[in-house]
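Let me begin by handing over the structure; questions about it come next.
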């Protein structure tokens, strides 16, 4: 078995090239009704209601049981689910949604605008992560009739920003099961979600599995095809790959398997391994600089560090072709906001890096070390730990000694974003279809201490703050895109964070599945059209 | 009567590396029915190996390499394992030295005796129980029914030896081999067991091969005696003639070593007492919970003694009589509840730990077991010098003093560098007493230092003459 | 019954030990960086400072350490193990859900290890220094020296993927719902590899202990007496030696009960079994103090009960205990 | 000394010693054979063993030379095993000595603490200690030491209980020796042999614990320990199984060597057992 890693990954890349993927002509195959679809569920969440927690770990289950107002279609454009149509007032402060008639909750109660009003005001505005900032200026939701919901904003809300955000942050919960039933967070329905979606919740055995069955009176005609979905809790990645090969699991979402297992399954005709269907979940690997260290406060040192890393070599040899060169905070898959000119890039140039470090006054001392830094890698994601080792190895060549400090989830958040006890940190920046949702907070100053994935680098840049604030309330689509172009160029020039690698989640799915990966956030969508061939 | 058991020129080879090549060399013995033959000799003379050879229960690596063992005319060496098993227990039975460990602690006495019948007969369970109870009756164990159900640890040493005898005689064997059965028992029980063996032997006419190192036992029980030394039978014959006028020099030496029971000639004792013990008592409280169900044993009850200067006071008693506890109280290893121990004016009992530590210059103790009284990990010289170093003498000077003392107790001064396990029992006893006498103690307490190893060493111990 | 009072006293003596452990771990985990809210936000992938403050108040994390400890002990006295931050359910229910898997795994591995350890130990002791002894001892050492997770993963590769004989993981097959005997059989099938992985290490230990104990007992005087009674070697071993040799083996069960649960953390994560071991690992990562202390409380009770049973077993084997030597 | 002669009579003990010397040699020669930092980027990741002359045993998934990590890892694993054993034996002896010698309430109190450590699953305590004090090499080693002392404490206590009433100890008391001198001067030398033999078991367990920690990615990433290599290999186990297999075998050989030597010493110390 002498297949070198690169050759192995090249062939799988051919299969995985996201854009040119020739969809098999499904037209003439008639969808088969029935069957059980098993899903690899890697990290158990504390609750399953997507209107309370915006994370892939919840969507993978809650997204099949509850539905949102608006989702993304195959081409990534907003398409109505619970909302049939929508229109925004010219001043951008009022947005009206016409709701879909004849939709019922799994317990038989009708779906009305009252549900939307309660969910928006009590859940999106007060509890939902990222929802709280998105709906900061939402004052009220009027319900003139059971099928109309009018959103009133204090400051203008750009329609395309809201429509881009709702697929993730727009899930609706049943008002009659939450209103007046005590603290929403502790409501038992969160662990046995009730929704309007194609699958009804059946059972959740903690640590083992979650089961959902077909919703007989689902509002889409003769959907869904599957009888039952089973999510199997498997925390060990190698064990998950083994169970897929043993036929016990059909689908492993969001890069649930190790890189080498993904490459191997990619070459196995029984499975399809690709990034297709995950464009809505793009992320960039970050290197975060702590300006409290005088070395890192110097722009030349930050640029030297960027030049010292041979990113193409790392991507090609360590991540395989599921990743590509990052150009800035906004990833290339975001067709609406990806600027043509991304500002300065930092190609690999060890000599330039050494020159910059000398200029900054950090000459190599005894044993060739200029200074040493503590690097805290985020403890999730195989690529992050490989990248942290690669950083340690590469910076050692330019005289910067890196000590990697290993932590667990809670410890990482506390030490980086609260105690600021780090020099370099590396992890993921999740891009959620619109820079305003979860990207600009990395750069905007004045973030509260302890808020994770926000600007805790002790770095303030009034220019970038102004660009961010203007863009957030700019109603004109073209102007908003131009503003975010300036934002990206400024970010790359000042380099408080470097985003050298852009990745999309990887899907590993059985070749027997049909109508899969057919929307940009398929993993989180409702699977109403998914079916299993024999 | 024709001999029932004959050892004809039997030799037993030891594995390589032992201190000598053969455990038994050309041993010839004969044992007739209704007769007790005593085989006597020091430890390592091969007497126990003879018993093992007869039963063919030799330890690993030890083999019979010559001679015949005839039992009822049949040569046991030629038998295969199955045939030999039929002889063991039914033909020839055996009892051992340590009653404490010779019985399986986890099974009842009745069960272990009954097993003899299960092995060699096909009696029903009820019959076996009856026969066992009869046997227990025969060996005069108090309350046989209780003993039947009891476990070994619930019986005293003597009772356990009686159970062993009952087990051995269950199938009326032709020959009983007794391997020093009374050595580990105290004197009174020893006499009872010997009398029991004597009576049973007369009544049943069994031939008894009695192995011992104690001439007292030989005198009391033996019809004929054989003396063994270094694996050879040096002398054999009627007990009276061998004890009366021993032919072999070694036999004479053994007999001379038996201390006479008459008192040594009286010496003039000084009137002035060096130490007076008044009303000392010590009780042990063990077990029990918050005072309820405690077991209280009064080890020492209101003892008063006077020790004149320069005299030797012997305290005799059976084990459990309290003599050791009294000794430990005197050197404050144990604190008595009441009473005074006055040593030239100072009451030792009332001293604090610190004061007692300095008083140790005046009172020292030599212990019974030579093997245990020296720290195996410490050179012999150091053990002697320790007392001096503790009381402030510089180390080199203390070691020099130790060499002097070694010479005094008849040991080679250079031996101070050697470790305890390189000395014999007797030599170790001398080291112990040297260590005790290192301090210029005016009074020395030496508890019964008669060692179980060999009687001949005891008489030459220096301590008796000087203190 | 004297043995009950003895074992009862031991039970009473273990209460202070238990309290000692709980307080010790409680204070220890306070020093860990980050609390359960940080861990929650890490898992959620977001969350602003306001929600974090709210959550901290809800979980009572804003109180002083000693106040939190006081609350915890006061609830513990009323046998209320508190609320699990990870699962939003009372800790007692969370543990009750995960207990069967762990108990099944531990009893299976323990009995496998004890049974085969005993047999191989006896065989090795009987043929000491001959080929069975060396073979068994080396085999034992091999299993003892092999990292358990490594053996587990390799076993999956061989038995579930390559040979497709056994399931690769999980507690039971839920895509199809079995009932009754069929379900127990299915669970048993799922437990074969984990039991082997956890059990082999402990079998190696029992094997060595049994061999040593057999050799020790074979040298004792009463074995010589038994032989002098005309017994063949097998009967000597069965009727006399075995029972005495079992004593140290029984005490070992008590001593090892604790470490076994530790071992199951790794085995449960390799075979994705929903047991207490993995729950404990997750509750450390998630800083869910109530669940962690609940697990320690339950596993301590488990160990204490096992020791209680071991005492009873020991007393039945060795009469010297009950009749008080 | 006949101990040495006795030791060399049993073949497994000799094999154990040879293996141990091999591992020690590997640890000693690491700097000579592989001068570069074992964690440095040596080449492309996941090269198969024996396929590339520059990397005899291939490279792991971080492009590091596996052979270099095995040699340097020998030093780290022996260091972790050794230091952790010394810590646990030290604590064990002190606790066991005082509990065994003084008895009464001292004994009960110390035994309660020992029981507490034994009731609590030790791997769990290890996880908590690493989560609290971070996973640098020092905390991992000290944590393993802290977690594994109860067994040696029990062993030492048992030895002291049997030795403290021996006559040479009482002789020492009558000579006026203070308790401390009696404990450490007189009794401990006699109590040590079985504890030292047990040290081999503790060391074996320490190395296995470190590899289990590394398997859960909780060991020190800045150090080339075998456990880390297994942890890294876990992600590529199904295809490049050799990344975990090679260090696994290294651990197997070392623990085997340590156990065989321990067993050899044990048999040599009480020959009666062996020669039966």
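Going by the order they are written in, the chains are A, B, C and D; count residues from 1 in each one.
We adopt the following convention: contacts are C-beta pairs under 8 Å (C-beta built on N, C-alpha and C of every residue); 3 or more make two chains touch, one makes a residue touch a chain.
Keep in mind that what you see is a predicted model, and the values were worked out from it rather than measured.
Judged by contacting C-beta pairs, the busier of the interfaces C-D and B-C is C-D. One finds 22 Å separating the Cα centroids of chain C and chain D. As a whole-number value, the distance joining the C-alpha centres of chain B and chain C reads 48 Å. Mean C-alpha positions place chain A and chain C at a centre distance of 40 Å. Once the centre of each chain is set as its mean CA position, chain B and chain D turn out to be 45 Å apart.
Touching two or more other chains at once are residues 131, 234, 237-238, 276 of chain D.
In chain C, the positions touching at least two other chains are 32, 153, 157, 161, 269, 284-285.
Every pair of chains meeting the touch criterion is listed here: A-C, A-D, B-C, B-D, C-D. For chain A in complex with chain C, the touching residues are 36, 38, 43-47, 53-57, 127, 129-130, 132-133, 183, 185-186, 190-191, 205-209, 211, 230, 232-236, 238-239, 242-243, 245-246, 248, 380, 407-415, 418-419, 430, 438, 448-453. By the touch rule above, chain C contacts chain B in their complex via residues 220-222, 224-232, 239-240, 243-244, 317-320, 323-325.
The residues of chain D lying in touch with chain C in their complex are 11-12, 108, 112-113, 115-116, 118-129, 131-133, 151, 204, 208, 211-212, 215-216, 230, 234, 237-238, 241, 244-245, 248, 251-256, 259-260, 263, 272-274, 276.
Residues 32-36, 38-52, 55, 58, 85-89, 94, 97-98, 101, 153, 156-157, 160-161, 164, 167-171, 173-175, 269-272, 274-275, 278-279, 282, 284-287 of chain C are the ones touching chain A in the complex. Considering their complex, residues 60-61, 328, 331, 333, 357-358, 360, 363-365, 367-369, 372-378, 383, 386-387, 390-391, 432, 435 of chain B touch chain D.
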